[in-house]
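Take a look at the structures listed below.
Shared chain: chain A. Partners: chain B in the first complex, chain C in the second.
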Partner chain A sequence: MGEASKISRYLYTVIVLFLIWLFLTASLDPQELEVGLLLALIVGAFTYEIFTTSGLANLHPRRVVYAIAYVPYFLWAMIMANLDVAYRVLHPKRPINPGIVECKTVLKSDVGKLALANSITLTPGTITLDVDDDRYFIHWINVTDDSVEGASMNITAPFEKFLKVIFG
Partner chain B sequence: MLKRSLAILTLLIIGYWLAQGLAGVPFGQDRMLVGHYYLEHVKEQTGAVNAVTAIVVNYRGFDTLGEVTVLFIASTGVAALLWRKKKKRSAKTEGSVVLTTGTRLLVPFVILFGSYIFIHGHLTPGGGFPGGATIATGFLLLYMAFTTYEIPHRGFEKTEGIAGMSYVLVGLIGLGIGGYFLFDWIWQTWQLGTDNIGRLFSGGFIPIIYILIGIKVGTELSGIIDNMVKEEVSE
Partner chain C sequence: MNALTATGEALVLIGTFFYFLSALGLIRMPDVYNRMQTSTKSATLGSLGVMLGVGIWALGTDFGNVAWLTKTITIAIFLLLTNPISAHTLIRAAYKSGIPLWEGSVVDRYREHLESRKAEVEEAEKTPEEGGEE
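And now, the complex of A and B:
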């Protein structure tokens, strides 16, 4: 994905910062809104260069809808994975088969890779150890398939179908 | 062995003395002498809802000015101790994509939150010093994640000086208008914000001073970080 124009990146940063300000203050007092907008404009001017590379394109409706849908999907995956690990801990035979596997990802953008790495780590049973270009090194509590394709099918693919749309 | 037991014995004796001294102070009883005055008059006299910041900036403004001076001297002292002709970052390993991208996404939020803290100094806990420290944390993150990152020095040092001088200037304007240094002219003379105590545009000159202190502390601590992570390079 190429870099968006400076104006688009700046506006995107300001919009995100202003939304954060609304959540922080939790008030619609016009005084708070004025100061919040001013601050978003100032902080955005200093930080937009490091904050985003794709700018307003991130606010494409399809991406926003997928991002909202991803939250419950991810939470469900997290709950199931937690229960799975609890089962492994409580089971008297302790059915674990740990190992480090390599996965490949189809994601291109850095933010997408970050989101994927964090999604993998936050679902217990898998921890991202390192990311190198499109290769992920993952510690898996119960290795069922140690080939690159097989592990990717099991670990990264379920998240990728969402993250591919959200971040590219 | 003998040294250690002697040290433990001494500490026990000191601890006993302190406990004896504190035993005379009953816990949970009202022993405020000036405290009542502050709590009763803080709103009408300063316009701030947060009594702590009102005391720190308004009633006892000299203390805060002194603290700002101490920080300035600390920053200058570190710079003087570590002064070398040629300095460079010597870190070699770049962080992984998770670290660098995470930092990119977090830094704007950290800086925004730091500003939130010092702008709301007269309403919520916090103020200029925590806000400034939070902003410096953002720059620390950048230093940790990127091997080549450096703060823009010229801008930073100028901003720091201007913020510090503006603090003194606000006090001097008070001296001109009200007759003494750090007189709260915005509240006492202009009566600005008298009708909306508890909302953002109130609190006399506390928000203004805290914005200045926040900027000053933020740039200052970032400068200290910058001085400490760099190493000398031989030519």
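And now, the complex of A and C:
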């Protein structure tokens, strides 16, 4: 994916900053909105170069829909992860079988890889140890399949179908 | 006591339960990697529950307005995005500084990867040096 134009990246940064301002102030008073917009414009001018590479293309409706659908899916995975942790911690025999496995990913963009690493860390029994290009090294608390394909099927594949659309 | 207050209280209770699990996991797990597993996951979901719970709880009381909820949601999102990164940094630093895996661990692909990488680098360094000496 090539880089978007500067204007588009700048506008995207301003939109995100202004949304954060809206949430933090929680008021729709015109005076607050003006200051917020001004600050978003200034901060955006300084930071847009490192903030985004694809600009307004991130707001493509298909991506937004997938991102919204991803939230409950991810939260559900996270709750299951915690019940899993609860089981392992509270069980008297402490049923763990840890190890470091390797996974492959199909994601291309850096942000997508970051999102995948974060998702892996917060979901059942896995934590990202290192990422090298498209190889993920993952500490798995209960290794059931230590081949590359098997581990990818178990760990990364469920998220990739969403993240591929959201981040490319 | 209305529905919003009750929901908020329940969420805070669930959050504190996961905090407790997180602390218990620190005691019960055998090595740093497994401790990181339990503490990261439980502490993140625990904080999420407590913060959203406080936001919803404030909605249900007289003084409450929506400002509490939006602020706690913002903090929760920041925490959700940054907590796994700190866990990843800590576990990677632990591995790099040579802390061994638990003896019950079954497989270590990362060491194989590092060793093959090291061999490659040594190969690559050898050739140009020889060329320079000649």
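Throughout what follows, the second predicted complex is superposed on the first by the 167 of 168 C-alpha atoms of A that agree within 3 Å, B and C clash if a C-alpha of one lies under 4 Å from a C-alpha of the other, contacts with A are read in each partner's own complex, and residues count from 1 in each chain.
Just so we're on the same page, a residue touches a chain if its C-beta (ideal position, glycine included) is under 8 Å from a C-beta of that chain, and two chains touch if they have at least 3 such contacts.
Note that this is a predicted model, so its numbers are computed, not measured.
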Side-by-side fit of chain B and chain C on chain A, or clash: fit
Where the C-alpha centre of chain A sits as vertex, the angle toward chain B and chain C in the overlay (nearest 10 degrees): 70
Which of chain B and chain C A:99 touches, first, second, both or neither: second
Which superposed partner A:139 touches (first chain B, second chain C, both, neither): second
First, second, both or neither for A:128, with chain B first and chain C second: both
Chain B versus chain C as contact partner of A:82, first or second or both or neither: second
Partner touching more residues of chain A, whether chain B or chain C: C
Partner chain(s) touched by A:20 [first = chain B, second = chain C, both, neither]: both
Chain B versus chain C as contact partner of A:43, first or second or both or neither: first
Partner chain in contact with A:31 - chain B first, chain C second, else both or neither: first
CA minimum distance (chain B, chain C), superposed complexes, angstrom: 7
Chain B/chain C common contact set on chain A: 20, 24-25, 117-118, 128, 130, 132
Chain C - residues contacting chain A, complex: 18, 21, 24-25, 28-30, 33-34, 36-38, 40-42, 44-45, 65-67, 70-71, 73-74, 80-81, 83-85, 87-88, 91-92, 95, 101-102, 104-111, 113
Residues on chain A engaged by chain C in the complex (per definition of touch): 20, 22-27, 78-79, 81-82, 85-86, 88-90, 94, 96-102, 117-118, 121-122, 125, 127-130, 132, 135, 137, 139, 141, 143, 146
Chain A to chain B touching residues, read off their complex: 13, 16-17, 20-21, 24-25, 29, 31-32, 35, 39-40, 43-44, 46-48, 50-51, 110-111, 113-114, 117-118, 128, 130-132
Residues of chain B defined as touching chain A within the complex: 96-98, 100-102, 104-105, 107-109, 111-113, 115-116, 119, 142, 196, 199-201
